[in-house]
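First chain A sits with chain B, and in the next complex the same chain sits with chain C.
The block that comes next holds the complex of A and B.
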């Protein structure tokens, strides 16, 4: 194989998930009525927001060689805290701050802080106590959701203050502001992971934690930071979710963990750690929500949508596995 | 900070429910609640605990977290504790049948709350009727379409709850059988796991695929909130697309007040719970429940003897802008002030 062909082939394999996304979008656009329109693509971007932001944090922890199962519940808790404080119906306390523009950063900071606390706790038990990340974050998945139910009493907070809701309503160049926020998150964290020492250390720690430690890199600190980042991003996802739904219910975000995991895996992040790039994860999220939207527009019988979605995700992951084998064989 | 009126009313209702008459130690009743993730179920816990206390029973509530196997295990454990009775709101209408039969064989009466199980005999069933909720919704939707278009015609987007939940499927069945034969196209989608953002996405997509939707019918009020958020994001104003929801939760009533929602079909939660408490002594003592009409919190309710045992059906109501502030609707969170009295 000539170097030029090898480079082309490698580029195609590296970006296979984007090719899959484009292929899927073309097929859906040609075969599903009403799919090919700007509004639908804007919807896909918007619907990808919460799982997308959540998946960034999850991917960072996985690249660092661990797991974080608590991101969904953390997002739900952040959403509920946002709803509880800033919504005026249901259990919302209707907190008002002046001037109204202050409410956006304040509410976001509170939601992110909620996530930071959960991430810090997860990191403490994994790094300081030496417990398995799977068990620690599984426990957090359960107790944090329990906390959502406990602080809400199972009730909902609705009618988020309009000063905050503006983020869920406004568009720039026809694309919802929510979608811009998630795209910005992907750009910023892709840069951090690819171009900063922190990002490189995360990948190195995930590849071989012991060797990294022996090389003088503070692996525990890097790991703990990755858990805190995952929590913070889950908190941000929860804040965005609360804005989108104008409040929070106790079951908000249920099932998003699995979509986030699917996106991370489809995006080419190895569950063994040390391998993965965030742009691929974004393509994975967009792929999943392109499928979701297609299912909505195809008006399939209600009972079959979950089966079809599961099979399509399986097909995407299978293709990704084939890609890895092809790379091993040809490169 | 401003505390909303609704929050205060909710707190007052909770206190009122919690501070009713002291239990007279007739025994312990176990309430098997399917989930605590929605307001109807959460309020049902307060109501059942309070009303049974009025008639002399202590209530212990077990939450199944929407898992059939968990509820089956809870039933098995509870049977060993020999309570005075079990109140069951089944996660799955059929899967709990063996557990009900096991409890009754052990001499423990079983009462069904809200979710009707017809595959075996229970000692009392108190329902509004999920199929009937679909009927009430269909009648109201026919009225709304006629008022808007002069005929029962147009396009309706129906957003179900989780397609694995028989509750939403029964509402769908009742609704669609009443709409059958009309000139209405019904587009149906499930909101997986009753999750609000899923409902919001469905509405956002369908507004693009079917811009001439006349009405959206969602099977729970918390899904209606997400639907409204999508309508708002699409630049719609209240009333541009009509909205009908079911269960009568506080958020649905708020949407009516804001003008986004036209009708909320209420499940008469307080009356459903009160009916069980009213007949609790008869059920626990194995006495006969006579068919007929009973006044349950001011609602004319009918007891019939069915193949699955005594069944009390309490009429659901259509909540509109004209009656939204009526205190009898549980969504207004004003608990009945008078204690419940047992049926003699």
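The block that comes next holds the complex of A and C.
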């Protein structure tokens, strides 16, 4: 094979999920009435925001060779804390700060800090104590959700301060600000993963931790940072979710973990670690919500989404194996 | 002569009740190739890990480059100028040749305080280093998992030749290599030594040791059983030192060995 053809081939293999997304969108647009319109696409982008932001952190931890099952509960806790402090009815305390605009960065910082704390705790048990990430983050998934229910007493906080709500209402070029925020997150973290030493080290540690240790890379620090990042991004996702729903309920975000996992796998991130790119993950999230929207428009019962999602995950993993074989054969 | 580059004195290492090293004394000078020989379990790998910072000695002292050193991890040893090529290769199969070549020493440029990887520059340097060494790798952007065992080992060897440092440790470096590649590898070692780098090669293969080393150090049961200039010994004698060869010591003139205590294994 000529180098040019090989490059094209590799490029296609690496970006298969984008091809899938485009194919699916074209098929839906042609076959489903009212699918092909700006509003629908803007809506897909907006719906993808929360799982998308969460999936970035999850993908980074998985690329580093571990797992984080706690992102969903972490997001819920961050949302609940935001609701508790800044919503005015229900269990909300209705905190208000000097100039209303200050509340946006302050509430965001608090939500992200909540995520950082959970990520730090996860990282501590995995890296310092040497426990399996699966168990540690499964435990966090349970106790953090428990904490959400406990601090809210099972009730909800409503009517988030309007100064903060701006984030959930504004549009730029007709696209919701929320969608822009998630796109910005993907751009920033894709850049970090692809172009900076930190991203490189995450990938290397996920590939062969011993080799990185011998090469003088501080693998534990990299791993711990990836857990903290996953927590911080989950916190950010929770903050966005609280803004969108103008408060928080005790069961907010339930089931998001599976969507995030599906997006990560469909996006081409290998659970073995060391393999995967963030733009692919974004395509995975968009793919999930494109299908979601199609099912809604066709007025199928929403439960079918779950069936299709499951099959899609299976297909993605199958495709991954297939890709590897193709590569071995052709390169 | 000036102070040796590396000087180990009375290095011991215990694993629980097991004494892997029982007091190793050895020197390596700059530009010298030392072959470290010993049977399986003699303590060679433990010694390599101690020198490369992966393991702390239980007692004893390490002087390197004129200073007393207490490495706590490989990055410190590396920063001091000690490069190690391990028996099981230290490559990340999930990334390409360039990323492996520069692992842990990426070339970056700060843009607004953020370090950015300089891929083009790294690819250029890697390409030059690898072609200078006569290794053929189809594409530097191929992931290492698609490369053969020999090509993988070549990346590691080229890495140490390029970055060099002051002392290089090679633990069974030619395990996966063919005849021609091994010959090239041995030449690489001499070239590196000629630049004034000290080299320690661990090997099982006597012929390689005699081909490349200036001096042979034999480890047996955690002690130095022999420390001889290659020119003044024979493979047969080395084998006897490795296996404990009490037979040979009975009949052989041991005068040339009188500066090293030949240990008996009664303890």
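Convention: the second predicted complex is superposed on the first by the 313 of 331 C-alpha atoms of A that agree within 3 Å, B and C clash if a C-alpha of one lies under 4 Å from a C-alpha of the other, contacts with A are read in each partner's own complex, and residues count from 1 in each chain.
Basically, contacts are C-beta pairs under 8 Å (C-beta built on N, C-alpha and C of every residue); 3 or more make two chains touch, one makes a residue touch a chain.
All of these numbers come straight from a predicted model, not from anything done at the bench.
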| item | value |
| --- | --- |
| Room on chain A for both chain B and chain C (clash or fit) | fit |
| Partner chain(s) touched by A:274 [first = chain B, second = chain C, both, neither] | second |
| First (chain B), second (chain C), both or neither touched by A:197 | second |
| First (chain B), second (chain C), both or neither touched by A:215 | second |
| Which superposed partner A:254 touches (first chain B, second chain C, both, neither) | first |
| Which of chain B and chain C A:40 touches, first, second, both or neither | first |
| Partner touching more residues of chain A, whether chain B or chain C | B |
| From chain A, separation angle of chain B and chain C (C-alpha centres, steps of 10 degrees) | 140 |
| Three-chain overlay, closest Cα atoms of chain B and chain C, distance in Å | 36 |
| For the chain C and chain A complex, residues of the former touching the latter | 52, 54, 73-75, 78-79, 84, 86, 89-95, 99, 103-106, 108, 114-117, 139, 142, 146 |
| Touching residues on chain A, where the partner in the complex is chain B | 33-34, 37, 39-40, 43, 46-47, 50, 88-96, 149, 153-156, 158-159, 165, 168-169, 176, 241, 244-247, 249-255, 292-293, 296-297, 299, 302-303, 305-306 |
| Chain A contact footprint on chain B (complex, rising order) | 1-4, 6-7, 10, 14, 36-39, 41-42, 160, 163, 187-190, 192-197, 200-202, 204-206, 208-210, 222, 225-226, 228-229, 232-233, 249-251, 254, 258 |
| Chain A residues within the chain C interface of the complex | 3, 195-197, 200, 203-204, 206-208, 210-218, 273-275, 327-328, 331 |
